[in-house]
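Shared chain: chain A. Partners: chain B in the first complex, chain C in the second.
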Partner chain A sequence: MIKILPKADLATTIDQWRVEATVYAPVRQEEVVGFQPLTGSGNGCFTLDANSRYPPKSLFLPQSEALFRVAGSDLEPVEGDLSERIVFGIRPCDARACQLLDGVFAGTEYTDPYWSEKRRHTTLVALGCTDPCETCFCTAVGSGPFDSRGADVMLTDIGEVYVAQADTAQGEALLSRLQDASQEQIDASSQAQAEARAAMARPFELDGIRETLYGLFDDEFWYDVQQPCLGCGVCTFLCPTCHCFDIVDEAQRGERVRNWDTCMFQIYSQEASGHNPRPTNVERTRQRIMHKYAYFGELYDEVGCTGCGRCVRYCPAGIDMRQIIRSSQSRG
Partner chain B sequence: MEKSTQNPYQPMPMYIARTAVETEDHSLRSVELAFQHDSDRERFFSGYRPGQFCQLSIFGKGEASFGVASAAWEGSFVRFTINKIGVFTKAIHGMQPGDPIGMRGALGTWYPVEEWKGADIVVIGGGYAFTTLYALTKHLLDPKLRQEYGDLTVIYGAREPGLFLYKPEMKMWSRRDDVTLFQTIDTPREDWDGLTGYVPTVTKELAPRADNAVAFVCGPPVMIKFTLPVLNELGFPPDRIYTSLERRMKCGIGKCGRCNIGPKYVCKDGPVFSLAALGELPAEF
Partner chain C sequence: MDELAQAIRAEAARLLAEDVVDVVIGFQAGSLALRPQPAFFTDASGVDTLIYNGFCQNNLATYLARRSREERVGIVCRGCESRAIRVLVSEHRHDREGLYLIGIPCEGIIDWRKAEREAGLGPGGFAEVLSVSEQGDEVLLSTRRGEYRLQRERVLHDSCKRCAYPDPVGTDITLGEPAGADAREPRWGLVDAFEALSPEERYQSFVQEAERCIRCYACREACPMCYCTECFVDYTTPRWAESMITPSGTHAWHIIRAFHQTGRCASCGACERACPMDIKMTYLTDKLDRDMLEQYDYEVGAAEGAPPPFATFTLDDQDQFVR
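Take a look at the complex of A and B:
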């Protein structure tokens, strides 16, 4: 299903969506763009010129989330808010990341009800990237600026209108009241997509990356890579595919809570005996990179990185994932 | 494995049925947990196999992973033998019969003895890591099961006699003719007339026959490290040696991330691995 969403009608369309669902969109607050529920009408309240600093995975895996509440001597599951949600303006890399994380949270023997229920009640309206950032590298990891695999709807900006393609039943339901796109508009969107793809830098090729990294497992390479690292964990907290969490009891609130955690912290794998299988930043950095580029692929046959570039953009020490992959390939 | 529709993070309500101090230094205590709900008990025992672990839960202290130290046929309880080492284990050591406690599981893989019917079984353990091997041995001593296996040999080492677990049971095993028990302590003592020496050395001297045997090994990392080459020399191939690994865990179901060795999660793909399977993983253990 291919429809059009004229920019002039965007505010009215979103207002219509807001009747039946909470609409989240990127909102700029003090220079930082983040996904927020829209409370007012009109275009002015959201911004589509930059991706959010925090990945929208937090809509499904909140940075801190109560799993259980104490009830007598039992723990009762916290149901959470399961009203319908529409995420407008999510970028293809982040929508794709949610799809990859479905593999972790829903695709194995155990289904995570907290993640899955929120996913089930959410429609992702992705905005393809006609003007990718310098740090983006989605095409290098097998994705692209119009990769629609994780999205219910993919929007292509062709000037006055967005061409809106729905690939799922949820997406089709959302677009049903919009006008069909003309052949001319469809052609214009294909061209815009092709141009965006061609304009993307492709900093590395993925061929043989798993074997390359396994070959370097015991190499000095990891020592060199981690040298500038401060161990702050920003790369993992801002990563749309990082999913590690800790479970802790907030006794005063009477809640069992899960919080984002990071493999870049020493305490993460520290055992009660004092033993730590990843005692230094060298092993921890190796874990971070190899999880994305080697281990994830063995489990799900996909690279666990969508090339959003946040780890590159926000690393305070200037560590660059693209450079790490390239050096591994010239080393290996 | 069957996909569960239950909330996998929700502990079952249990209570402490019995406790027992295991070692002379009081650092190890066994607790036997009983089920509050029959449905939980039935579900647990329909799936549990020796080698698996559970997440125990005390609200306010959190959760921690412990290997199960009992066989299903022993009764409607689940035993854990717990070393007092941190906040959580200290809390368990302070608990009394009747106290409530939460439990998730059983989780993870098990010692796959059902694949080795007819074989001789060699169990090699050291220190307080003997717990799941104890469960395995008890399982094999089930009168209904014992005749389905060949010789059952147990080699069990501890630093000193007072640190052996399950002492009354060990006494009984040493008198039985359907299990051969060798207990060894690190250095000779006047009050000890059994074997002395480290587990790898003793295993080498005892030289259990490998031609129709499977070995199950669990102990401190240094014991495992030196026992594996001995077993190799004795003729045990890597696919007939199983060991159990430990890692810090939170979720226990392969989602929270931390316990991986390469692409495998110790909680979900382990804790029991064959040496052959471990050989295919990056050497991060």
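Take a look at the complex of A and C:
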């Protein structure tokens, strides 16, 4: 189904959506853009000229989430908000990340109810990237600026209107009231998509990356690339596909909670005995890269990186994932 | 700037060639134009990639805690780095003999986010700066959309605008011409402004900043003073702070982090530059620095060998509790 969403009608369309669902969109607070539920009406409430800094995976895997509560000698479920949600303006890299994480949290072997329920009640309206950033590298990791995997609707900006393509029943239901796109509009959207894709730099090829990284497992390479690393959690917490969590009993709250965790923290793999199988930043850096580019592939046959570039842009030590992959290939 | 970079390179090459040090910590170009990267040089022939410019935003002293104490380290130092190292030496973290301080004057660090914003490239948006150059009082950004000429003073990091000590202290060699000690903005301007608020406004302001925190601890890791092998926030028995990104958890982190900096913070602002969420935190540490100056006449890192006030006591202390 291919419809059009005129920009002039965007605010009223979103208002219509808001009658039946909570609409999340990228909102600028101070200088930081993040997905927030829209409370007001009009285009001024959200911003579409920048991707969110904080990854929208948090809509399904909140950074801190109570799993259950202790009440006397009983355990009580924590009622999550399972109202219908529409996420407007999510970028293809982030929607694709949700799809990759479905493999982890809603795969054939395990189903995480907390993730799955939220996913089931959420429609993702993705905005394709006609103007990708210098730090974007989605095409290098098997995706692209208009990759619709994970999204229910893909919007293509062709000037006055967005061409809206629905790929799922949820998406089709959402677009049902909109006008059909004309052939010229569909052609214009195909052209815009092709141009964006062609304009993107392709920093590396994925061929043989798994073997390359396994070959370097015990190499000095990891010492070299990790030297500037501060060992903070910026790259992993801003990453749309990092999904490790730590389960904590918050005794004062009477809750068992899970928080995002990161392999870059020393405490992540610290064992109660005092032993740490990843004792230094060298092993931890290797884990971060290999999880995405080798181990994730073993499990799901995909690269666990969607090329959003947040880790590149916000690393306080200027470490660049693209550079690490390139160096591994020239070394290995 | 290029002349200064040449001089640093030559000194680094000499130190390595003459086996004065095992490693020189400096900067090299990063993959993004606005983001030079800390770099570690172990061979005189490899120093050609060493650079220095106003975008070198890390406090290199933070890397000392990550190196072996047996290693002899040469380190490029601006004012804040050299004062941080003095504190680290006074806290017996490092033997001064094992360090070789290559002092350089500092014209202030350019805040890459401000530069992008000033050029209208969209906050949090598109990293399109392709190349950059500093030309006197101006910074020239070249992007896909054209060139932008910015006033250097306008895009300096806030901490650098208030810096009263841009020149390095206690170095083994100092390159370049002294930067001079006139801060561009009143040193305690931020503290004055914060203190002028009502308690409710102060709390609101604190909450607004702290609650954006995602507990990535980039502030901690970027800070030369945060070298504990186990941070209070990582303790599980007892647990000092809620583990979550709740108000309780984030407030506790920001307050206790600042507290542990009392009499130790060199005001370099590396914490704010590292923060991925643009959280302001130097108003807290500036306040502590001013308290230390007013109450203990102690200026962090200003005097060689000055004992850290909170790590010393005397039997004739006027306060009863020490006796």
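In the analysis below, the second predicted complex is superposed on the first by the 331 of 332 C-alpha atoms of A that agree within 3 Å, B and C clash if a C-alpha of one lies under 4 Å from a C-alpha of the other, contacts with A are read in each partner's own complex, and residues count from 1 in each chain.
Simple rule for what comes next: a contact is a pair of C-beta atoms (placed from the backbone, for glycine too) under 8 Å apart; a residue touches a chain by one contact, two chains touch by 3 or more.
Everything numeric in this text was worked out from a predicted model, so none of it was measured.
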### Query
Mind checking chain B and chain C on superposed chain A, clash or fit?
fit
### Query
Should A:319 be classified as contacting the first partner (chain B), the second (chain C), both, or neither?
second
### Task
In the overlay, answer first, second, both or neither for which of chain B and chain C A:223 touches.
neither
### Query
Given the touch rule stated above, what does A:248 touch, chain B (first), chain C (second), both, or neither?
both
#### Entry: Computed vertex angle (chain A) for partners chain B and chain C, CA, steps of 10°
90
### Query
Regarding the shared-chain residue A:232, is it in contact with chain B (first), chain C (second), both, or neither?
second
### Task
Considering only touches as defined above, state whether A:109 meets chain B (first), chain C (second), both or neither.
first
### Query
So, does A:283 touch the first partner chain B, the second partner chain C, both, or neither?
first
### Message
Just checking: does A:295 make contact with chain B only, chain C only, both, or neither of them? Give me first, second, both or neither.
### Response
first
### Message
After overlaying the two complexes, what is the shortest C-alpha distance between chain B and chain C, in Å?
### Response
7
### Task
Check chain A for residues that touch chain B in one structure and chain C in the other, and list them.
246, 248
### Query
What residues on chain C touch chain A, complex-wise?
30-32, 35-40, 57-58, 62, 66, 113, 117, 122-130, 212, 214-218, 220-222, 230, 234, 242-246, 249, 273-274, 276-278
### Message
Could you list, by residue number, the parts of chain A that touch chain B in their complex?
### Response
67-68, 70, 73-75, 77, 104-105, 108-113, 214, 217-218, 243-249, 251, 256, 258, 261, 263, 268-273, 275, 277-278, 283, 287, 290-291, 294-296, 298-299
#### Entry: List of chain A residues in touch with chain C within their complex
28, 30-33, 49-54, 63-64, 131, 133-135, 227-228, 230-234, 236-238, 246, 248, 250, 252-253, 257, 259, 262, 265-267, 281, 309, 312-314, 316-320, 322-323
### Task
Flag every residue of chain B that touches chain A in the complex, lowest number first.
1-5, 7-11, 13, 57, 59-64, 85-86, 88-89, 100, 102, 221, 246-248, 250-251, 253-260, 262-263, 268, 282-285
